[in-house]
Amino acid sequence: MTYAYYPGCSLKGTAIDYHTSALALAERLGIELKEMEDWVCCGASPIHQRNPALASGVANLLLSLSEGISKDVAVLCAACYHNMKKAEVEMREDGKKRNEVEELSGIPFNPEVRTRHFLDILDKDYGLNALKEKVVKPLSELRVACYYGCLLSRPPEIAFDDPEQPMIMERILEAAGAETVSWSHRLECCGASHAVPLTDAVLRLVNDVLASARDAGADIIACACPLCQANLDMRQEGIRAKLGVAHNLPAVYFTQLLGIACGATGKQVMIEKGMVSAVPLLRAKNLL
Amino acid sequence: MSKIGVFVCHCGENISRTVDCARVAKASGQIRGVAVAKDYKYMCSDPGQALIKNAIKEHKLDGVVVSACSPHMHEKTFRKAVTEAGLNQFLCEMANIREHCSWVHEKEEPTTRKAIELVRLMVEKVKRNMALEPIRVDVTKRALVIGGGVAGIQAALDIADGGHEVILVEKDPSVGGHMAQLSETFPTLDCSQCILTPKMVDVGSHPNIKLYTYSEVEKIEGFVGNFKVTIKKKARSVDIDKCTGCGECQLKCPSKKIPSEFDRGLKNRTAIYIPFPQAVPARPVIDREHCIYFTKGKCKACQKVCPTEAVDFEQTDEYVEEEVGGIVVATGFDLYTTDKQGPYPDYKGYGEYGYGEDPDIIDGLQFERLASASGPTGGAIQRPSDGKEPKSVVFLQCIGSRHPSKGIEFCSKICCMYTAKHTMLYKHKVHHGTAYVFYMDIRAPGKGYDEFVRRAIEEDGAVYLRGRVSRIYRSGDHLIVKGADTLSGAAVEIEADMVVLATAVMPQPGIEGLFQKLGISYDQYKFASEAHPKLRPVECATAGIFLAGACQGPKDIPESVAQASAAASKALILFSRDQMLREPVVAKVNENTCIACWYCVEICPFTAISKKDIRDRQGNLIKRVAEVNPSLCTGCGTCAATCFSNSIDLDGFTDEQIYSEINSLMAVGQDLFPEPEKAEGDSPDEKAA
Amino acid sequence: MSDRTDKIREVARKWLADGTVEAVVGWEQGTYREKCSPVLVRKPEDADRLLFNDRCTNNLMTYLKRDPVRGMEKVGVVAKGCDIKSLIGLLQESQVEREKVMVLAVTCEGVKKDDGTVPIKCQACDVNTPTFYDEIVGEKVASNPDPEARFKDLEKLDAMTPAERNSFWREELDKCIRCYACRQACPLCICSRCIAEKNQPQWVETSPHPRGNFSWNLVRAYHLAGRCVECEACETACPVNIPLMLLNRAMARTVKGAFDYEAGKDPEVQPPLRTFNLDDDNSFIL
Amino acid sequence: MSESPQSETQKDGAGLPEAATSWEPRIVAFICNWCTYTGADLAGTSRMKYPPYVRVIKIPCTGRFDPLFMIKAFERGADGVLVSGCHPGDCHYTAGNYNARRKYTVFKALLETLGMDMDRVWFSWISASEGGKWVDTIRKFTEVIQEKGPFREYREMIDVG
Amino acid sequence: MKYQIRLSGDEIRLMQEVKARSGVDLAKCYQCGECTAGCPMTPEMDAGPTKTLRLIQLGMEEALFDLNTPWLCASCETCTARCPNDIDIALVMDVVRQMARLKGKKIPVKEPRIFQDVFLKSVENNGRLFEPGMIAFYNLRSGDLFHDVGLGPKMLLKGKLPLLPHTSKNREKLREIFRKAEALEKEAGKKASEEAHDESGH
């Protein structure tokens, strides 16, 4: 199983732990994530906020880089996934759009190419039964709130599970022995695209998400997007300072939890990188 | 001494779970006048009914109380059963010990006691029940349809096709009503006249339909099945049997400047005129108010030119009588006007829009005429003031409607749809024009209706603005419309070439006079009232009178037609039997004590009570008394409760019956409640099954 | 006063002489102290028996529905404003035909009761100068600007607790001997057979015990609600002095408050229990 | 056939409710056939529960309700009387309930003037769909009557009589 | 007064321009409000998406470009996902921002615009985003020199911020796409206004 791997900028920086843990997990599962060469930034939200056509052009460039590796591009970042998948779907379904984008980017579109989120790969390609067999340290008694955020399933055309009630992350983490909680804010936006310019609004949104997870009885939040994780993790201190609410709720990547379940050490999944440390919790549950 | 049978049902366990049915039967057996009391598992089953029938014969019972479920459930079943055993059905009553007792109380002593008391109450009532016979009323199998619009036409055709004679009365010179004035119809945009005129022709030629146009209902007497109607045929001044409808008279008539009613004043007509080319009958009528001969005594141009000598200046109003069994009221609607002094004096006009005096501010029906291929402009959209094609037209919804300060609270229901249609018709004819619509809500609940409105907006580009218009005034060549769009929060000003007002749908002015003659009720706006808003929406409270179309409230064409067919089927149901049977729960007057104060006459909601003279053999008036018409009485009993000399009573619920029920409840002695243990083994013969 | 007497005689004489009426019902000098008695004058020369003074207390309208007046083609009746109220009541209920009655109205400053006191109806009279008549005699007399003053003595009832009111009435009604004088005197008790005498069913128990007395007086007041014109004839007639007008006035006050209706005012208006309004008070119904 | 209710009473001896020691509330409900009776049926089919002390007398319409029925009920020992029919605008006979409402207004004022305990006289509109309202009304009314005890004031009159 | 308008038939042009740029037909919007209901940024917005669309429908350009709403849009696309008429509202917000920029409108909230610019500048310069440099540049541009300054060292300590920018060999290709897109959007603006002109029949 080999995939063309597009990490994106965050995974080489603020989300290095996502990148590392995903590779550690993939290795244990026997999935090869082969990084595409000379990839560029997808432009995240700012790129389509400036010019929607530009976003599609850049996405087409990125899709073309998978050539020679695999027609399936594995993506971990939700923003990258969103930009690439949206462009891909549009081009496949709308000939006029495809022509425009090809013209703009100067690159032909290969309709065979599929943008795949790693969650989807685990669920559909690898399979939960196979995953279960690899679990050596079940995440027992760990109550996990699975957080999807907004970009993984919007617009609905790009979703790989029910766009309003996805359960894919729950299924996967439950296969690894975790207990997942049912909570209200699984799909609410954390405001990541405004994390820098509009911090106050973002504090409000993050606080709502954290409060919902906490009220549902979660020990920890699992994320599938570097922007979400960064926001949920780093903004807790700001929330304590500005809103007077102390959540102290670790937010980690689902790949980190799965990696641990499959026998990786804390170090191998960079579990220590979180601002709100998950280490004491995982130790208490005998997972570290 | 009465011989009553009491039959206590267990209803499986539905009753016996909380009520000691055997004890109820035993206690019932001890009530004076009860000849037999039995209990049984399922009284409504065949063996249960057989048990009752046998008991009636064996004990020669003169009354039966079935103590079981609600009478609303099985009263008919048991009344049928006792009839089969030779007992009058109205000597059977039900004591409701299931819905009102076993199901709502716990298993405890007072529950069984209550059941016993409920039986006792009914026993006392049944003792005073009378053998009654259903009331039979002969039915005249002919119908009167009032109003020749689409609703009246449909009702008349359906009844006539059902094989019964129909008298169709139309006040105007032709049938057709407002639908004949419309250009296209929503939501299909088919041509209104194209779909209506075949029906008009059918009405004119149907062997079962007797058509009175230019006629009005003068008087109505009688009651369901037996109405006598007097119809006034207004003098037409044309003998329609001689007239061939050639139209020569119209061409020669020198009085040519009379605003045409059909074209809503957008075109003129002559004094002798056929209202529109497709009129049925296609015969002219002389408008005597404007005819030069009738006003000045000289002219007769039409008479001179008439090849068949059909013009008859000497004609007078004629009165004919018709007997009918049922009546369909289909008098339709008219539009509210924004005039200062309109035909609806109770409602205020719109000074803020200039009281309807600007020629370029028109109403919806006028726009229909403008858009109609048969209209004054041949279907070209031209504004009335100078005939220019308007580049921007502003449509205003809810004019009069939903405007309590003008006196009207209701929604006129059809304006949202026809306004959307108007914008489409306009845009289809004036491609570069803009149609603006001021609306408060868009109400389009109908098959294909909302899609239609969305089409007007999305495909034909009508600009919908959510808000009302505060003022319209003229500024040179334009009308300035000052409104608002609450969605954007903006005050909106539009320079319009023409304004179309969707004015409220109102009953015909003065229609309450007819409703009073018919004895049917109407609401504050003079829309006719139905008997029940949900379950009897087609019938009037007065038996034998049915409603069709917009006389009852705003309705669109499909609704009017549907209701017309419903009204027709109601009439046909009435005509399906030679006689009608009615529950004999009716009021009766004690003539000895009636003092003719007429409280009952005034208070009866069904005008079922009239004043009767009692005379001796020589014809001298001895006294006057109230008299109930059992065909009209519905048995509400309001008269009985109102009469202070207690000279009127209600069969089935007489004062005496109700009093004995009250007495039975209170006159309870210990002996009526034998203790449960005593009940065993001690049962008197046959008292418990 | 004598002026009005003269004029009454003059009009009556004229009506009788020219055949306008068959007879005139009026008052004449009584035989007992100053009291006046009803009289039926049939001949013009007897018109001089008629008079009017402050002892013309009787309400002559009751005679309109009795023999022999009832059978007459047309009859004149001398009437004070308050008497005309009962005529209006009778007209509303079709007991009298307007065209058969000639009303000879007389203005009135108020009359006196047998004991010389002035009745409440006169103290708060609003029809000293009648407005409904065929002919009127006497100068215009001003009315009490506050006709509601007649409700003043209800205040003592209002002030009581329900229990106190109940025992007050129990005590008063216990006195009732069921002589039905109240009914006989009432111009608007028009039933030919009173409900109190109907026994199938027995609406009211006949013997004078508290339960029957309570029911009878309640029925009487209820049947007069919205109809009673407060002529006070019942109370005057009561041999055991039950304050019947307290009940009647309480009902009149209720009807005025709830339906804005006053009995005896306008023959064209429907009596309150013969009609309804969609927006009648609904607040007391759950 | 026709036996007057009076003779019935005499036959049953005293004809009065049981002695106060075993007192149970006696509530008489005059209810119209179309709305409240059907509403009470609905309470039954929905298996709602309420105390068993109410006795229903069915009338076709509240328009049929002569207030004197209420007096008769009190004369015969009722502790409370309820009159219930269709809501305004819903009358099967279009106007019976409006006419009834006028009678209530007048009769209620009369009872108040006579110092009757008005907690024992209830009026309500209960539609065919208001099974719950019927149950609530009967529960509350029973509670009130249970708290008040027997209608002593009226019974005293009866006893004296 | 921005909220007092005179309608003369020209108002449709704004809606047509949006359609030309986005393919979105705003005539379909019936103002139900579901976009505003689901928008996470509504509390910070002056108008909210529903009213923003309304201003476009009525051609209220001046009022539209004064709104902070398009600039506060977080691009979560909840509005698009739930719109009963399948209107891509998030795309309309993007297009409004684009139009404001092209028309040289004054932006009512500067921070998101600055962020957008420095982010894309960083991408354009390096081919990939260099987060520390971008943040520093953002702080400089926005004048909020110490924005999130506390987070930086902590992240550095955690090894979450790289010290040097990554670059990519495809940087040139990327820049080419940027340049081309910019040229195209200007051209599209001209075309849109011409089309609108034609359709409204003037």
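Per-chain numbering from 1; labels A, B, C, D and E assigned in written order.
Criterion: a contact is a pair of C-beta atoms (placed from the backbone, for glycine too) under 8 Å apart; a residue touches a chain by one contact, two chains touch by 3 or more.
Since the structure is predicted, the reported quantities are computational estimates derived from the model, not experimental observations.
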By the touch rule set out at the top, what is the minimum number of steps from chain A to chain C?
3
Select the chain at the greatest separation from chain E, using centres from the mean of Cα atoms.
C
Most distant chain from chain B by Cα centroid:
A
Just by CA atoms, which chain is the most central one?
B
Between B-E and B-C, which chain pair is linked by more C-beta pairs in contact?
B-E
Mind checking the centre-to-centre distance between chain A and chain D? Centres are C-alpha means, answer in whole Å.
71
Averaged-CA centre spacing for the pair chain B and chain A, given as whole angstrom
66
Whole-Å distance, chain A centre to chain E centre, using C-alpha means?
24
Give the residues of chain C touching no fewer than two other chains, as numbers and ranges.
200-203, 273, 275
Chain B: positions in contact with at least two other chains:
603, 642, 655-656, 659-660
So the touching chain pairs work out to A-E, B-C, B-D, B-E, C-D
In their shared complex, chain A is touched by residues of chain E numbered 22, 40-41, 43-44, 72-78, 80-81, 88, 91, 93-95, 97-98, 101, 111-112, 114-116, 119-120, 123, 126-129, 131, 135, 138, 142, 147-148, 150-151, 154-155, 158-162, 166, 168-171, 173-174, 176-178, 180-182, 184-185
Touching residues of chain C toward chain B in the complex: what are they?
93-95, 190-195, 198, 200-203, 223, 270-271, 273-275
Listed in rising order, chain B residues that touch chain C in their complex are 592-593, 595-599, 602-603, 624, 642, 644-646, 655-656, 659-660
Can you tell me which positions in chain D touch chain C when the two form their complex?
2, 4-6, 67-68, 71-72, 75, 88-89, 95, 98-99, 101-118, 122-125, 137, 153, 156-158, 160-161
In their shared complex, chain E is touched by residues of chain A numbered 9-10, 12-17, 37-41, 43-54, 57-58, 61, 65, 104-106, 150-151, 153-156, 163-164, 188-189, 191-194, 196-199, 201, 204-205, 234, 237, 272-273, 275
